[in-house]
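Dumping the structure here so I can ask a few things about it.
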Amino acid sequence: MTYATKSPWVIHYDASSCNGCDIEVLAALCPGYDVERFGIVNTGNPKHADIFLVTGSVNEQNIKVVQEIYNQMVEPKVVVACGICACSGGIFHDCYNVIGGVDQAIPVDVYAPGCAVRPEAIIDAVVEALGILEEKSKALQAQRKGA
Amino acid sequence: MGKATVIPFGPQHPVLPEPLHLDLVVEDETVVEAIPQIGFVHRGLEKLVETRDYNQFIYVAERICGICAFGHSMGYAETVERLMGVEIPERAECLRVIWHELSRVHSHILWMGLAADAFGFESLFMHCWRLRERVLDIFEKTTGGRVIFSVVKVGGVVRDIDEGQLAEIKRVLEGIKDDYSQIMNAFLKDTSVKNRTVGVGFVSHEDALSMSMVGPFARASNVNYDVRMLGNGGYGRLSDFKPVLDTQGDCYARVKVRALEVLQSIDIIEEMIAQLPSGDIAVSVKGSPADGAEAANLVEQPRGECYYYARGNGTKNLERMRMRTPTSQNLAGMTTALSGCDLADVNMIVLTIDPCISCTER
Amino acid sequence: MTLETEFVPLCIEELPALAAEKKAEGARFVQLLAVNAEEGVDLIYTFMRDGVLTNHEIKGVGPSTVVPSITDQFLAAFVFENEVHDLFGVSISDIAIDFGGNFYALAQKEPMTIISPEQKAAREKARKLAAAKAAKERQPAARAAQAEYLAGHPDAHPGKPRGPIEPSGSDDLDARLAGVDPEKVARVKAALAAKAKKASETAAGNAELEKKLAGMDPEKAAKVRAAMEAKARREPSATEKEGE
């Protein structure tokens, strides 16, 4: 395992969400489900983070913000779309101001559906994201060795 | 005289659960002015009444905000019932009150955890949320959902709470009271917490009135108003209800008002359980609202008074549904509370108005 | 016990005076909302005093009307006035904190005024229902009037009040046309002849259809007959409307 996968740091952003998924993301960090025992820490600085947890069906004003945070994160990085709104727009998919899911703004690696997404599903999604992070990290190293 | 700098705060910030942007005009670490910029959560869901009929729209109404989800579904259902002249059974009214007060307990404890995080007391944040999990367990046992329940419909409620579950709720609430008193002491009696909250973000009584503030934010400045006093719906069955008030008007007062409201809600739930009437839990509602009929309704959500308006057009789709949430009323008050504070206190003050931006912008 | 609410109409000119009056008597400003109605945008200002919620409604604000702001009395209204401006396109002057149209960054301009196909269909349906209801209400009155007429004119024809006039060459029509301009007479007679031809054609068409149905599968024939009956049922109401 790489260093990143032993203790991935998470950055969370609410991109036009109703807050349901956000409080479940925070609940996953709290003693009830406690992902901190896996070394997962919630940070506010994109440059410190490995995993980007996005919630919410993105609206017009938020596209730039989501892209900005994604661009500031350093490779290797993984994006987890939490909640059905982030996956596809959810119940708001036909609203006039919603672009319909985070993958319309940035590339997404793992989709965790649910309304609101359960903390167990978030943990599952993060574990899957760790696998992808590991692969990306190895690919980056191989690239550097090759170059 | 210092130099004026503009510091952008948000929309992404670890202390903010929701995106809110503030342009803080700062002179040497003192905030002179705060200009809010919202619009990051505007989904435009009020237009969805055109494509969802009045029974389906309740699922959209619930998802305006995940924290006040039950309040919105209850307020929407009450408004449409008023529009169509439907009387729901008494048991349904009381069940709605029980779930709504449990929702208030969970919301206030959630808020207290976030407030602790805002002034840097992370372990208190963890303790609050650990306690809150017990309330979410009650929700899961009675409705199936932790955050969004979908248990209200136009005409009543969908599920009943049987005697065994009611006894369980009482037992869990008694258990919560004991742990909760320790957390309350940490907030209200601890000196280092007091240093962070007393005298910070002061809003006077006159300002609170002139800016039409609502909710615990206003009650901390001695504004004597709470929708539950008006006795709408199941709240009319309460023997006595007095809003929790405080005269100090600063962050400490707001924490105190919310902390005491949790205890008040637990008392209300116990009273409701004791006098829960038997009977049906729903009536079937047929037909559509009349063309041109209008109805307005108020609900006391954890963050304050929420106003609902519905207008029918003769078909199964409503012509207009409008929810005015407490945070939109309180934005003017927030800008006043922020002027003259230290830059390091901005987190705390923004959080003490309990902003629910997704409610504000829908 | 339920909440007391009332809806009261208001004109734009009275708005500043109303805001000042409410402020003076200590009422609380609750909210401002807009509804995209058929004749324009309806604005509803809500105030609360002594537990009674009063909604003041201004109906039909057009795109060129400028509404005065009430933020001089109630600062909290700036949020709603900016929102109403951005979503409905209502111009409001002198808002205390004016975002100038950038309160929400929207994908569509003034989205709440865009009438979607669903809403259009709903309004059409409501209009049809209202018209049908009004017609139904007029029916007993119309029948009573007809009965009265028949009672007063014993030799008039009973049955359908109006229908295609058969140009049977009866004296009635010629007598009526006797005093009229001969060109007009010729035109009227030609129109009537055309109508009679069409009526006979449809009758002929019906006869042909009957022949076809006789030769068809009986189940299918029954279905076609039901459809024709439904069509025929719709037609009389159409001619009634025409006659009116």
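Of note:
Note that the chains are named A, B and C in the order they appear, and that numbering of residues resets to 1 at the start of each chain.
Keep in mind that, in the parts below, a contact is a pair of C-beta atoms (placed from the backbone, for glycine too) under 8 Å apart; a residue touches a chain by one contact, two chains touch by 3 or more.
Keep in mind it's a predicted model, so treat the numbers as computed, not measured.
Taken as a contact graph, with one node per protein chain and an edge wherever two chains touch, the assembly is complete, since every chain touches every other chain. Annotation: B-C is the more contact-rich of the chain pairs B-C and A-C, by number of C-beta pairs in contact. Averaged Cα coordinates give chain A a centre that lies 27 Å from the centre of chain B.
Rounded to whole angstrom, the centroid-to-centroid distance between chain B and chain C, based on C-alpha atoms, equals 41 Å. With centres defined as mean CA coordinates, chain C is found 51 Å away from chain A. The multi-chain contact residues of chain A, meaning those touching 2 or more other chains, are 59, 61, 96-97. Within chain C, residues 104-106, 111 each touch two or more of the remaining chains.
Residue positions 39, 42, 44, 47, 51 of chain B each touch two or more of the other chains.
Across the complex, chain A meets chain C through its residues 59-61, 96-97, 99.
The touching residues of chain C, when paired with chain A in their complex, are 104-108, 111, 114.
For chain C in complex with chain B, the touching residues are 1-3, 5, 7, 26, 28-31, 33, 35-37, 44, 46, 51, 53, 55, 74-76, 78-80, 97, 103-106, 111-112, 116, 118-119, 122-123, 125-126, 129-130.
Listed in rising order, the residues of chain B touching chain C in the complex are 35, 38-39, 42, 44, 46-47, 50-51, 82, 209-213, 225, 229-233, 236, 291, 294-298, 305, 307, 309, 311, 313-315, 317, 319-320, 322, 324, 328-329, 331-333, 360-361.
Taken in their complex, chain A has these residues touching chain B: 11, 13-24, 26-27, 30-32, 42-44, 56-57, 59, 61-62, 65, 69, 90-92, 94-98, 115-116, 118.
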